[in-house]
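Chain naming follows the written order as A, B, C and D, and within any one chain the residues start at number 1.
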């Protein structure tokens, strides 16, 4: 395969994926597309859906109506019926395995979901200009997971074509954005024999040509949904007969953001999505907050979580309402192992297109790849989180986020060469 | 027509209407049903849609997609195509006129819209038990407008069959619940020649058998929508790069409810419906409040409005956001004229089924019937707002609100006999 | 005594009192001055201090250091030592009784305390211009109680000089401004034999020459102090180790003002005085709110109180603090009896200087005279609250409040003539 | 001088100082005591008051009445009259200089002020048990500055008795706790010729026997006072006529704590002391916040400051109030130079009583020693901030803070030996 044609194919695949972003647990079309590619390449084992996840551990799964809607959209968009059937109930994601004899087991983890937000229609936004903007009004690949899937496929193909010896697994993980898919995949057991795990992310404010050999400073995160229930009443004729769920919610929001900073390190809190009430003239009976807390360490996240729970409960009580707080996704902190960091750094510095290699850098965000990394580390393996820089015009999670497609091939090269190197290293 | 059959027909009509509640400006099926009934009775003039409203004065009209959805539902439910066409763009409502020679012009105003809230499925809820619960998941006749339409039809039929001399108009007004339909109907000009106007409401915590001859203490009301716009950012990696629209919204809510009570009389404020944000891990860019303020007098409502606007603007500024505040419906205060009050009280005390007559009572809520009442009064006519008591298990605007159907015939009798009496009174 | 000289003496007395305002339970000099005047006039019984109050029922008594300071100031200003001694511990106030044979027992209640606020130094402020401005930096007669004491003395003198038959008592009540003195005086037993009680207030936005025969619409009131206790910490080095009492307090304030308005009538809430913390770099351990709630009726006040308590407790809990809420003064609502209202109205309309008589008017505020009125009414007597209009440049409780001294003689005349009239009425 | 006697004298001096803590700019007695000690030792130059400060740069100076009160207390406690006179107007602090021929100029900076908070009376609190608890109800040495002064005197004596060659200055800096004295002393010019500056702090959660050779991670800090002005009104009779300054303050507090955390590093915010209002029944006209913001870097502090200002202004505007925000003390961030760090570490590791030496540690708080350090560094010198560990039962700024007196002699030894070593080092 010529150089040009591989890059073209990577771009084409990434744009296809970009056009059809699917939020967490709704990656039906995406998974089917992955299956198509993996089968084209040819592997020894391909697991889909319930086989790759511990069902009990899934978090933040949407309701059935929502799943059905995306299921049908995937079917309408041409997803294979047999693959779809295996994903019934929102069991998305896949694991592809190459079994190539004696040697270490090496894993690559990529996440595959999009975000529930509209994409820019601006003429300066490359996907809009080039015609591969999201077909969904309310979904977008605003965090580069389209590039991640492309890395997964590209690296799988490269390893397949190499003289790699050992076992190679690509983990196509669903539901990262709701911090919901990492834990069930980690607990599926498929990580337990992995000697080296690479997870990868594109961008993160690193420019095209820059590689971070081992990202650190993952914020531990805990998502929650708080549902406030009060009592409705006519806002003109009998306001005092109501119990105002929105007033409870507003009090909670004000005080969530006011949780004390902590001397031991970074913390975060966000009431990211809220809603409530039925009409302007009814004292609102219901309200909700979809929120999250984070900490530089797991104990700091626990501190924020405990304070947040107290705020939510006291705010409800204050306004004579009930609140039900449901934990959604949660991810711990993690560290990249130096053993892998060294290999990736060395390989990267010799990869064409790479002009800057950082030994480490802080993420400053959260990632449920940490579940997979810790699983591997707990079983005696090593793990690292690699960043492939890319010039991105808008920030992550904004409407104008985009990936510089030159970074696709760079990423595939750095990752596959690192894997080949790790395979022959003496542990 | 036998007594029994009229009551049966009133109940049947009311249940039909109850089954298909349509929120403000979406009363397509309801208006078509009214047209059917009016044509069955036979009138001298029947106006629909744009003919009964000053289009410029309409407030709180939903967007086109929403209108289309209800338009289609009405068609699917069998609404007449020719009537539907006249209502394109959400021009619902009708005016039916009997022209019976010399005599005063007398009007009856009834409102026809439902509320955007789910109806109880409880077995104790009469409409659920009897099978005429709302067919729409998110709409309900929770304020008795189904009974109001029934009054309108019943009284029209009674007057038609009587020896009434003069002109009689029934105003089937849309969009009362969003305080959006009263003003455009008042400004249509069709009220300007009315000598006596009766508006009617069922219930209001008065039991079956009780009549209030003239309701007073209407709270002036002003609805608004506030849209906050900030800037999104990743809540973990770059929270300080965002401008948090939900935080601005929460600050506004807390302080809206904290607007000072006023020594000159009753005031109200409600943030009845709110929403915002996209996901728990994104600093929210957008948020909105659908709210209202009220005052015992129009100046008190204006005081609340001015304070509320200031709160909304300062809250946005505080969090580096923009806010756009759009006035939605607005209704003034009004008083019932003694001239009508006297007649209704006298008639009611002689009406079978009535065991209690109150000369006056306070509404404590708002009503855009006040626009019609004031229009008539400004043109030299008189107006009163009559309450027909009904035992209602749940409060107005709650999921278990229901009308005691015995009050249907009582209402028709009191109203039609009062109209006949007013027609022969020397002004 | 000539007309001119009486008016001069009333003015002189009022200015003396104005010069030495003493806040609640600190009216040592004022009570001594009253004793001097009463002894000059000559009465049959004069009770002071513990004799006129049920000590258990006293509310909002300041601490000993504060009492001592004012006690010493009174001594320095020439208060009689023997009178001072009877008031040890803040037992201020007096009851003067004329016993004139057979006839009804009639009472007049006047309150005697000043407010803890500075008086205007503006040249336009009459007391400043005329040299009788408060000698105390932080106290002022900003509600006209100097005029009330003057009424009490003037009426006592007028009744003494008249042919009145019966018993006449003047109740010089302390601590009205903290709603703390009415209850203990009511429970002293000295009201139980009163047939007719007049309470009086000057001003209330009624001009000089206007008399309100019976004021109504007293707001029931309940004062409280909330003390929040958290834990201190260094705000830079260990903020999360603290529990922030000021944050709890701020949350409470925001939500106190946000307690829902009530459909049954007027309510009020105020966080009138607050404080907390020690320095900008210490997470604050302590904070307090001196607040109040009111209601048009006693149940409405109770509604506000219950809601306020919940807000205070939840706010403390939310921020991991303790709160101790102490009830301070409390006063019920009350009504003026028509029997007295009629007499006062009739008398007033014939009194020189009176050009407007209102049968009734709303107070819109609170008053612990209601404790005395209700005590009399519960024992079968009648009571009314009379307002003597006066032009006042600034509002009550503002730095420029003042009394038009022409109203002093008008008040004395209306009150004493009404008492004489009531004495000869057949009950 | 025998070992025992020196330690005894250090303890005695420290306890004397502990007994008479004086808050910022009120260190009259403390400065006079320092002068006594310095004169006893004998130096070549001793500057006091205006000579050691740039008067223009002083921040957070209390009002004259407050200064006078402490001035008189100092006089009553026996402070020398001639020294007191030099400090009129709150010009506290001193600089003592030994001029010992050729050699580098070396400085030691110690701060001398106490905190405005009460000291524990608990029997377990060593100063209470041993009888050297603060004589002032509302002031305490809760941060160990009594030990700092003792270090200053002890080191001065040790250097005087040594064979030191060069110039040695001890900077007794006032007003550190309000971040108000560092800047004026830095700008006095007396630092400009310093080659090596040592600043010292006791404790900071390091135990007795531990030395930190160079503290880093100073939080930049900015203090402010915000004064809100509204309009008063009677809370019952005319609440809506007021503009509620306490409501504005509470809104500001809630939102100050809610300022977004920043991805670039640590930030802090505190509303440390607040107050407002006059009485529970008056809508409050005035309120204030004494607050602070901090940042791990100066730009982070500036971010917090800008956001805080916006919050304060919008909160005032929201409630129709004015706010005046006055900057109080402010201090930048700073770093300790490795050249000094190395010497101190080496010396410490050989000092008796030291069992742990840390090369560096983070402060996590703020310090206006940074002004002096940066001044020296800007003029080509080097500076470091040394921590002398001490077991302290309560945290800094708490009522049970205390110093383990064994650390007094350790500190004097480490500091004086380091100074002697620096004096002979080749720069």
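In this section, contacts are C-beta pairs under 8 Å (C-beta built on N, C-alpha and C of every residue); 3 or more make two chains touch, one makes a residue touch a chain.
A quick note: this is a predicted structure, and the numbers were derived from the prediction, not measured.
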Completion exercise
Output for shared partners of chain A and chain D reads B, C
Exercise for the section: Would you mind telling me which chain pair, B-D or B-C, is linked by more contacting C-beta pairs? Expected result: B-D
Problem - Centroid-based (C-alpha) most distant chain relative to chain B - result: D
Exercise for the section: Please compute the C-alpha centroid of chain B, do the same for chain C, then give the distance between them in whole Å. Expected result: 48
Problem - Cα-centroid distance, chain B relative to chain D, in whole angstrom - result: 67
Completion exercise
Each of the following residues of chain B touches two or more other chains, namely 237-239, 241, 244, 247, 251, 254-255, 257-258, 260-261, 263, 268, 283, 364
Handout entry: Contacting residues of chain B [partner chain C, same complex]
Key = 254-255, 257-258, 260-261, 263, 266-269, 364
Handout entry: Touching residues on chain B, where the partner in the complex is chain A
Key = 115-117, 177-178, 204, 219, 221, 223-224, 232-239, 241, 244, 246-247, 249-251, 253-254, 257, 268, 270-284, 287, 290-292, 294, 328, 363-366, 395-399
Fill in the blank from the handout: Seen from chain B, its contact residues with chain D in the complex are 237-242, 244, 247, 251, 254-255, 258, 260-264, 283, 303, 310-311, 314-315, 317-320
